[in-house]
Every structure is written in C-alpha cells, then in structure tokens.
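Two complexes, one shared chain (chain A), two partners (chain B, chain C).
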Partner chain A sequence: MIKNWWKIASVILLLYTVIAGFLFSVPRLVIVNETIRALYFHVPMWFGMVIMFLVSTVYAIRYLRNSTPVNDVVSVEFANAGLVFGLLGIFTGMIWANYTWGSPWHGDPKQNGAAIALLVYLAYFVLRGSLSNEEQRARLGAVYNIFAFAAMIPLIFIIPRMTSSMHPGSGGNPGFNMYDLDSKMRMVFYPAVAGWILLGVWIASLRIRTRRLEEHILELEDHA
Partner chain B sequence: MPRYLLITLFTLFSISLQAQEPEMADTMRSEGKIYVVVAILLLILAGLIGYLIMIDRKVTRLEDKLKDKN
Partner chain C sequence: MITTLFKKDFTLELRQKSVAAGLLLYLFSTAFICYLTFRLRQNLITPLVWSALFWITILFTAINSIAKSFMGEKRGREIYYYSITSPVSIILSKILYNFLLCSLLSFSGYLLFILFIGNPIQDKFIFTIIILLTSMGFASSLTLLSSISAKAGNSTVLMAVLSFPVVISILLMAIKTTKNCLDGMGWDASWDELLTMLAINCLITAVSYLLFPYIWRS
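Right, the complex of A and B next:
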C-alpha cells in the first residue's frame, strides 16, 4: 500500500479540488464572476500536459542514449496522456472563452499557440503510425519528440507573453497577482495541479504496464 | 463652471460603479443548492477513480499470472 501512496494522494487532492473549488470563497470580479472557478479545472489541464510531455521527452532522450523498448514505451504513453490533457485544456478553454470573451475561438495568441503545439504533437503520432519498422519508429519518434517539446515551449510560454493576450499572465496581463490571487485561490489551485498530474502519471503507468504485458506475452509465444 | 460640475459628476459616478459588487451566485449558495452540484461531481469523480483502481488491480493480477508462468 505504501508503494501506492501517490495514487492515494491523487484521489485525495482531486476530491479536495472539487469540494474546495466550489465552496471556498473567490475574488468577486466583473465579467468572469463565478466562472473564475474554472481556473481550478482548466489551468491544471495545461500544467498536466506540460509535465506529461516533459516526461515523454526525457524518455525520448533516454531512448536515444540507450535504445531499450521500455524507454520508447514510456515516452509514447506519456505523450498520449499529455495529448488527452491538452485536448481537455483546449475544449474547456473554448467553453470558458465563449462566456467571457464572447466567442469560443478568439484568436488569442495563447489559444492559437496551444492549438499549434497540439498539432505538432499529433504529427508525432502520425509519424510513428507511418513507420512499420519498430526500431525506426522508436528512433525517429524520439528525435521528433524532442523537437515537438522544443516547439511547444515558445508557442505556449514565450510568444503569448510578447504580444497582447487576454490570458492572465501574458502580454502585460497580470496573472495571479491581479487579484492578489490571494493565497485563498492558491490553496485550491496548487493542490489541483498536483492531483491532476498524479492522475495523469497513474493512467500513463497503467498503459505502460499493459504494453509491457503485451510484449511479455509475445515473447512467451515466440518461445513456445 | 460647467466643467467642474462634470468632473464632480464623473467622479461620483465612478465611485458608485466601484461600490457595485460583481454578481455572484449568492442566492444559489444561500439556498444550499451548491452542495447538490458538489455531491454530483464528487460521485462522478469517485466512480471514475474507483473504475481506475479496478483496472489497476486487474493489471497487477495479470502481471502476477505472467510471473508465475516463467
């Protein structure tokens, strides 16, 4: 049980997020009004995506240094989990934007950057799917994965800060400090981020384990 | 002195705007209906996590089975 402490932590943090996210007090602001609570759910999706893609890239580099199938499997499955977080992030953002900015797609630099970053990662799966040789697929996939991560960082974190963006924290728009994002919101937001990241790692680990089982069975069949 | 009058009026107007609090779901909260939302979301989250735990256990069982075979 101690071995799975982080899974228990994930469950507790997520349950806390729902309870505190809806019941704790938030700053009273015009336009966003009560939808400010969406911050507790929409933003952690992006934090989750970045962490999943980071782990994926680390294992892609590890694969290039040491070409074992395990490194490749871990890299792919974390990229998969990251993509799920990213898609959830973009769709929750569209719902939120529809009510606060007036339309689901506002051409906001951060919104466009996130969409391009997701397309770059989708191309990663297209690339892998188009190669039938396993070693080639793993090696080219690993190289492209590093490029994709390097492309995502400026698209999401740098370009939106250089132009004007309606996202808090970009282009002169203050982030948390605007509402002196009071310690009250931080007390819900950071646990939410941690909870979702742990859940992502959990789901990715399950997929990695099933992939390992599959390989194991194939090996046994070869020997038989 | 209509200019000073205007400035005074604008100042008063902006003060009154600031004093007006943005609308929040205070009525819903006072009626306790927010707990309905929280309860439903907690149930869905618990259900999905419970399902995830069951998948985790199944994978562990399969891993053990394969270990025995070797």
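Right, the complex of A and C next:
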C-alpha cells in the first residue's frame, strides 16, 4: 500500500483533473471560449511525452554503459509509452485546432515538428524490428535512441520558437500566461501534468513487468 | 591517424572512379529531368520551385552517396581496422571525407542547376555558406546512420527511414535561409538560422563521436 502511493496519487489527481477541468470556471476569451479546457488534456500529453522519451534515452545510455537486458526493456517500454502520449497529444491538438484555427491540420511549425518527432520514434521501432540478433538490436536501438533524442531537441524546442506560429508559446506568443489572468487555471493544470505523467510511468512499469515475466517463462521453458 | 584514414578513403574513391561517376551521373540526370519537365515553361520556375527542386536533388544525392560509406567495406577489412585503429578516428575521418564529397556534389549540383534551369540566387556568398553548412550537417548525421544501417543488413530501405527524421531539421533551416537568399535579404535575415545550423551540426557531430564506438564494437 505504501509502495503504491504514487499509483493512488495518479488516480486521485486524474479524477480531480477530469472533475475540476470540466466544472471549474475558466476565463472567457474570444475564439477560444470553452475549448480552453483542452489545456488540461492537450498540454500535459507533451509534458508526458518529453519525460517518457527522456527516461527512455537515459536508460539507453545506461544500457550502453552496462549492457543488461533490463535496461533495454525499460528503454523500449518508455519509448512506447512516450509514443502513445505523443499520438494522443497530436489528436487532442487536432481537435482543439479544429475549433480555434478552423482546421485540424494547419501546417503550423509546432504541429509539423511534433509529427516529425513521432516519425523519429517510429523509425526507432522499424530499426529494432529489422534486427534479429537480440544483443545487436538492443545496442543499435540504444544508439539510435540517443541520436534521435539529440536530433529531436532542436525540432520541438528551437525551430518552432524561431518561426511565426499561431501556437501559444512560440513566435513571440506568450505560453499559457495569456490565459490564466487570475491564476485559477494553474490550480488544475499542475495537478493534471503530475497525474498524467504518473499514469505514463504506471503504464510503462506494467509493460516492463509483463515483458520480464514473459522472458522468465521462456527461460523456464528452456530449462525444462 | 585521421589523415591516413582520410587519404585511404580518398584513394579508394579515385581508384573506383565508377562510383563517383555514378553519383555525378545521378545528379546530372536529376537536373536534366527537371530541365526537361520545365523546358517550355521557364516562367513556371519561380524562386520557390527552384529551391524545392534543388534541395530534393541534393538530399537524395547526399543520402545515396553517404549510404555507401560503410557498405563498401568488407567484413575482414573491418576486423583489420579494429585491430589497428580507434573507432573515434574512423568516424571522424569518414565524416570529414563525406563532408568533402557532399559539398563537392552540392556545388556540382548548383552548377548544373545554373546551367539548365538558371540562377535566381541573389546572395551568392551566403548561399555558398548554406551549402557548406548543410553538407556538414548531412555528413555528420548520415555517416552514423549509414554505419547503423550497414550493421542491420537491408541497408537501402532502412537508411531512408532512419535518416529522414534526423536530417529534416537541418533541411528546414536550409530551405528557410535559401528563401532569404532568393529574395536578396542580406546577412541580417539569415544570421540566426546560420548560427542555429552550425549549432545543430556541432551537436550531431559530438553525439556521433560519442556513440560510434558502441556501434563499432558489435
């Protein structure tokens, strides 16, 4: 019970996010109107994605320093969880853009950057799929993971900020300070970010445990 | 050691003239196809169309030329290199060599485009710097990826899949600055982007330098 406090915290935080996110009062702004509530669901996806990919890269580095299968499994599963968060981030963004910008895909630099960042990780899984030797798959996968992360940073943090964009937080637009004139939204936003990230870690840890159990079963079968 | 390996790559290239000639022919045919397509409608080639055609040609020539940088090596020769030299000097010499090859091909491509399609570039000096920086970026990122795909066997398909997302950030910067050159906007407009390109290049070269020993070992 004490060991699993963060899972309980994740459930409580997400319940709070859903209830407060849909019921609490939000600033009334032109065009954005009630869609501003998407902030609690769209933005935390990107926070989650970056954290998942960061953990995946850290474990890839750990794998290169100390080649145990555990480090590789952790790295892959966090990349998987990050990919799910990224896809959800793109979809929620498309729904939001449909109402505020007029069309789901607007060719905005931030949208394009996000799509390319996901392509990087899809390529990572293609690379892993095309290698049959387990040790080589893990090693080359780790190398590409680190390389891709280094190439992704300029994409999603630098380029959109250099070009004009309608997305908040780039091209001179303020981040979300524009919205929360009375700081009320922060009361829901920060718990939402924490809750979604904890949920991501939970998903990844479950997948890691199933993967390790499967390997364990295979080993037992080999010995039998 | 780096210079020796670099000289080795260069001599090999000179000996197998067919490979270099093949790449030049590839470049020539692409430029010629562009010319044939637009032959009667020169007025359709707006500066933006020119830039798109040019960068598509350069991107695919670069991928083709760099993809073979580890494919040509025989299995036994790799073990020989492994015993006489460090992986760091191998990757640095390959990057340096690919940088030269890539900028040579880009400049030949530029000349062919001038010959067949015309030259709408107004800031020629800045454009030269863009070509050099882009070649450096292509060389540093694609060399590592070509070594990965060479290890993975089915190289050509994998190379394209792996390289596209990685080089796109360099390519986006190049296209943006090329547009500034086409409009003749001068140094002030492109300065930030050029510095960003240089920074991305340094980052990617540093990461390749750190990661290559792990690929080499397997």
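Quick note on the criterion: the second predicted complex is superposed on the first by the 220 of 224 C-alpha atoms of A that agree within 3 Å, B and C clash if a C-alpha of one lies under 4 Å from a C-alpha of the other, contacts with A are read in each partner's own complex, and residues count from 1 in each chain.
Everything that follows uses one rule, which is that a contact is a pair of C-beta atoms (placed from the backbone, for glycine too) under 8 Å apart; a residue touches a chain by one contact, two chains touch by 3 or more.
Fair warning: this is a prediction, and the values are worked out from it, not measured in the lab.
With both structures placed on the common chain, the touch criterion links A:213 to chain B but leaves chain C unconnected. Contact with chain C, but none with chain B, is seen for A:154 once the two complexes are overlaid on the shared chain.
In the superposed model, A:23 lies in contact with chain B only, and not with chain C. Using the contact criterion defined above for the overlaid structures, shared-chain residue A:193 touches neither chain B nor chain C, since it reaches no partner.
Using the contact criterion defined above for the overlaid structures, shared-chain residue A:116 touches chain C, although it does not reach chain B.
Within the superposed three-chain model, A:43 lies out of touch with both chain B and chain C [touch as defined at top]. Residue contacts after overlaying the shared chain place A:34 against chain B, while chain C stays out of touching range. When chain B and chain C are set side by side, the one touching more residues of chain A is C. Across the interface of their complex, chain A is touched by residues 141, 144-145, 148, 151-154, 158, 161-162, 164-166, 168-169, 172-173, 176, 192-193, 196, 199-200, 203-204, 207-208, 211, 214-215, 217-218 of chain C.
Every residue of chain A that touches chain B in the complex is listed here, in rising order: 7, 11, 14-15, 18-19, 22-23, 28-31, 33-34, 202-203, 206, 209-210, 213, 216-217, 220.
Every residue of chain B that touches chain A in the complex is listed here, in rising order: 21-25, 34, 37-38, 41-42, 45-46, 49, 52-53, 55-56, 59, 62-63, 66, 69-70.
Put simply, chain A touches chain C in their complex at residues 64, 116-117, 119-120, 123, 126-127, 130-131, 135-136, 139-140, 142-144, 146-148, 150-151, 153-155, 158-159, 162-163.
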